[in-house]
């Protein structure tokens, strides 16, 4: 049942996204690009919190590092070659390797806090460092291009091209994660989330799995940050702050959309960005509304907004026995 | 008439630490428009008002919305420098005519300057440079610099040194403190041990209140004279109380400025909003005036962009702050006052710098 | 000369001032069922924890198949072929029975750092998991969420998971606790069968079971080994009756 | 007994309990009289624990009524039901790992509903000397058996009229198990009613006044120990012995 | 610099430590003891400060303001617990993160609607307004010393209630196993509502006491939020002694950090936390599982 829902909904959604630039205005294409980028970031966070059980409050740092790597390397450049620039998001992988290696020694609340500490340290480093523009950040005046010889194949200066590039990154990321989660590796990390101690006793060296998961997520976050930096032509440390746009919102996106599913964070990104775009037009005190919505979802839709979809679609088949209450958000295994 | 309405996009913070600034700027600008009959060059006005939340990360998205979705003719904002840079980067050149009513980063009328970008407030430079002579003229030679360690604070400090050192002053020590932290106790002890003649500071808002109070509570007022960029005491009288008495600051405005424009403005603002006018309101008010001038010059024809810009950059405004003109880089040229808090009021001691300009480093405006 | 699979040498562990295991030197012979009994708090679980790497000894050493495994982490020890079940049920509550065993079975792959092939295609793992389920008697409950099973069934699953790792040496910490008589009988039967080609170290308070399947017994008291011997010897030992069995059990 | 023996301590009628959609108890009725010892038997997964949890309101039944001392308590929160004189030893023990042994005991202390204070810290520690040696251990730093003693002790600290033991002797050494049985006997003699789930049928039969066997959420047998002892076919059929 | 300078800095450090503990005390209860990840802690602190401001303006006395403000804070806490938090005890921590994050947004807006966006100050009550001379040109405000005294009282009181009283035992028990506490006849719902309200009141109380030294402004809560978490985590959750020592350590490290390693001042507390967690992954006085 869930399979049919997913197998229909996903391609349909993808089709709409692919066709969108043909109809949407350039502003909305830009807005959607932002959403896609945020969705990549949220998805990477979900790999940690929804699948591996590592609640990282420092994840936004890797997003920021992805952007900064691009900005620092091409600060004064007049053309940014994509094939030179893209590998820079690996800077985030490196940072994730170091931070992860240290952090996974702790667990639970302490893990949350040690990652927060690293996040804050990165934030302050960039905020106060005179080298990288401090709190002013760094501007980029060009967008990456992909050239073969002198022929430009992919020029991200074009809004629609950028959009498709971001969409491509999202889809690739999605497929990659979906594959990983079905593979033996995915089985291990989901088990780690469920009962770390037992996994260890079964003979897995859990720290390695956690670390690899942390690095994969960090890399993907770095890619998202890279895209954001390239898209807006501007990076600044507030991307890394835990509160203003960074981690708290990202967690909201993941949980609102549906933690422990790959499409949840994507839907969540749409919901959150569109709400933030729309609500302010209703009232000056729109955060009241936004907060209210977030609270309602947290209380009444514990599996996130995407859990509504199958419920609506399955109304016809009312005989299906409900699975037990979702107290701890039990997940569908990656493959049934 | 049958003409379409002029769209004025406003991007100001209405939530968070800067909310007060945002509302005052907006209210004063709307007051100016109202005084002019709510018409720009004969056309009705439509406002598109967006809360910037003072969040740099959102600045581009919101600016984008005003420019590409709403197609505004004028863009007014923001308060926060970093938001300003993200905004100006998008608007400069082909974007709408942009008026910055507060953000002070030097770059906005420096490297990022553009024909269509104006500022009615100040540059950080103007908050530091006139401070040097002011402190020296009061007879203080050995000075400690204390400021929040972020873009704006650093620029103010650098500008201060630029005038202070050549004129024979000594910087005993520079103490940048983490932004936006407000625990100053350790630094004050250090300050006490350094025993300078005076301290020149940059703090604003809650941090300014805390700093002034802690400074007084540590008993330092007796031996060290406290100076700062105007925001140290601006609009904070009630919160700071006695602690602020005697603190001297420089700013391009003072509530008690004795000129007709100021008296008129303060009363009108009070009547319209019920709130006391402050420097931010003045900047908003002047932003309104500047837009009015431009639109008047082209009689509402927003297509005549070059002409409008020419009119705006040559505008001479009789502002509540005194005379206001614009430099080539579209930064204000205005008097900077040395003020002292007396009985909770920022009273003008003297003019610290006449027609203070800004070097506009890196600006390519012809 | 008996073939020793596991040997502990002056193994000691204390918690603060409390000595939970003190100078434990034991030989476990290959293919034998060796039960460790003793009053509550005697240090039996502590001993198992030391053997499985869940606890690090303060002193002494452990040899498995002649190799030092002292201070190895639990995952390495498991990989060497030592499996354990826990006294306090320790399973993946939100997984189905089958998935529980699957994860256990998969641990025997050379590495699970495999990212590309769907796990479900791994035939060996599947077979191993299914066999484990069958052995522990939960085939029927294959798709039931572990948390939705009764306590006794969870205990069975606990054993099933251990079996799925195909260990050579089994450390069983009260496998029968919480099982009804029928399940107990079935598990005893299972253990007997496993004993044919495995080595078992069994902790159990159910004396009927212990006497039924154990070939050798060690009695621990206050962290020390009180006596080691055959079932007959232990059963008739005065000291053991005093500290552990009481009268009735000894003659029943 | 001063109370009229007619009013049972606990009375359940037609209990139907579900976990989500799965129907576990199918109309169970039973009553426990003052001072009575009742054993509850059945194979794994037949619903014994569920029945106990339903009686206590921990897993409220969807249909049926529960009365305590004659008062209808259906749907009341567990603490209300328990406060009328019931103590519960759950099968997973429910030790508080972050409290010391002493604290685990003291936090539960309370006089019985009639103000009786038969059990206090001293008496518990006398009964379980092993615990007395461990009073400042944290709850999770106890051996399995010690934890078991602690749960029984903690239940007694509430001076109940009715003590419910769900597999209370699980994981106990034979000597201690005997110890517990003799404690239960003492409890029984002091007029406290006891409901026991245990797999040690021999001991149960010796102790219980009445036995109930549950299979698939239904009561399939009820009778006194002599009767049950005389019916080996029931044993094989429902208990697997 | 001479010795007296370092002595005064030591005094600053200790005093800052006290202040930090005071500010974090509410979180110590809600996060440390009850295990709720309460991101709205800063908001409760802010509410306290604004209550102190508003009620002092009204009554003319900070003491009266506090007296009137505490019941209001208790009520706020009670309502938040009843209508939101109480649904989440059995859920994953992330829902608490989400919910309390939303509370930040809501309280910020409410603060703005109720009190506007000005920066306010609260006068130090007259008897405590003086200062004591320390060095030739620096003196020490009496009110800060008073705050230190209050902080010690709170630390002692909390530690006594949590460690020594049955109420404290029940709270700790409830944090680890709600159902069992219920099965022992204790009304967990009421207990938790009570404790949560107390935690909120404590956070607000800190805001009230700090209002005269801090100032009262929008967004002030965000400045204390993270550092409060750092305090609790360094000490190890569940331990009041730990939180106290954690606060002292941060006081010391950040005060002397500011003097000796000024470039690192902003990351000092985080670096300290990371180091401590590396050395003891469960905090200084936390218990490993």
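Lettered A, B, C, D and E in written order, each chain numbered from 1.
Methods note: contacts are C-beta pairs under 8 Å (C-beta built on N, C-alpha and C of every residue); 3 or more make two chains touch, one makes a residue touch a chain.
The structure displayed is predicted, hence computed values, not measured ones.
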Original post:
Can you tell me the least number of steps between chain A and chain E, where a step is a move to a chain it touches?
Top reply: 1
**OP:** Please indicate which chain is farthest from chain A, where distance is taken between mean Cα coordinates of the chains.
**Re:** D
Subject >> Relative to chain C, chain with the most remote C-alpha centre >> reply: B
Original post:
More C-beta contacts across B-E or across D-E?
Top reply: B-E
Original post:
Using mean CA coordinates as chain centres, what's the chain C-chain E distance in Å?
Top reply: 47
Original post:
Measuring from the mean C-alpha position of chain D to the mean C-alpha position of chain E, what distance in angstrom results?
Top reply: 43
Original post:
Roughly how many whole angstrom separate the Cα centroids of chain B and chain D?
Top reply: 75
Original post:
If you average the Cα atoms of chain A and of chain B to get two centres, how far apart are those centres in Å?
Top reply: 38
Original post:
Hey, what residues on chain C touch two or more of the other chains?
Top reply: 148
Subject >> Interface hub residues of chain B, defined as touching at least two other chains >> reply: 15, 149, 178
**OP:** Would you mind listing the residues of chain D that make contact with two or more other chains?
**Re:** 19
Subject >> List of chain C residues in touch with chain A within their complex >> reply: 52, 54, 73-76, 78-79, 84, 86, 90-96, 99, 102-104, 106-109, 112-120, 122, 145, 148, 161, 165
Subject >> chain E to chain D touching residues, read off their complex >> reply: 166, 169-170, 172-173, 175-177, 179-180, 182-189, 238, 287, 289
Subject >> Residue ranges of chain B touching chain E (in the complex, touch as defined) >> reply: 15-17, 19-20, 23, 149, 175-178, 180-183, 185-190, 192-193, 195, 205-206, 208-210, 213-214, 217-220, 222-224, 235-236, 238-241
Original post:
Inside the complex, what are the residues of chain A that reach chain B?
Top reply: 25-28, 30-31, 34, 124, 127-128, 130, 134-137, 139, 232-234, 236, 238-239, 244-246, 276-277, 280, 284, 286-287
**OP:** Under the touch definition given earlier, write down the residues of chain D that touch chain E in their complex.
**Re:** 56, 58, 77-79, 82-83, 87-88, 90, 94, 96-99, 103-104, 106-110, 138, 140, 154, 158
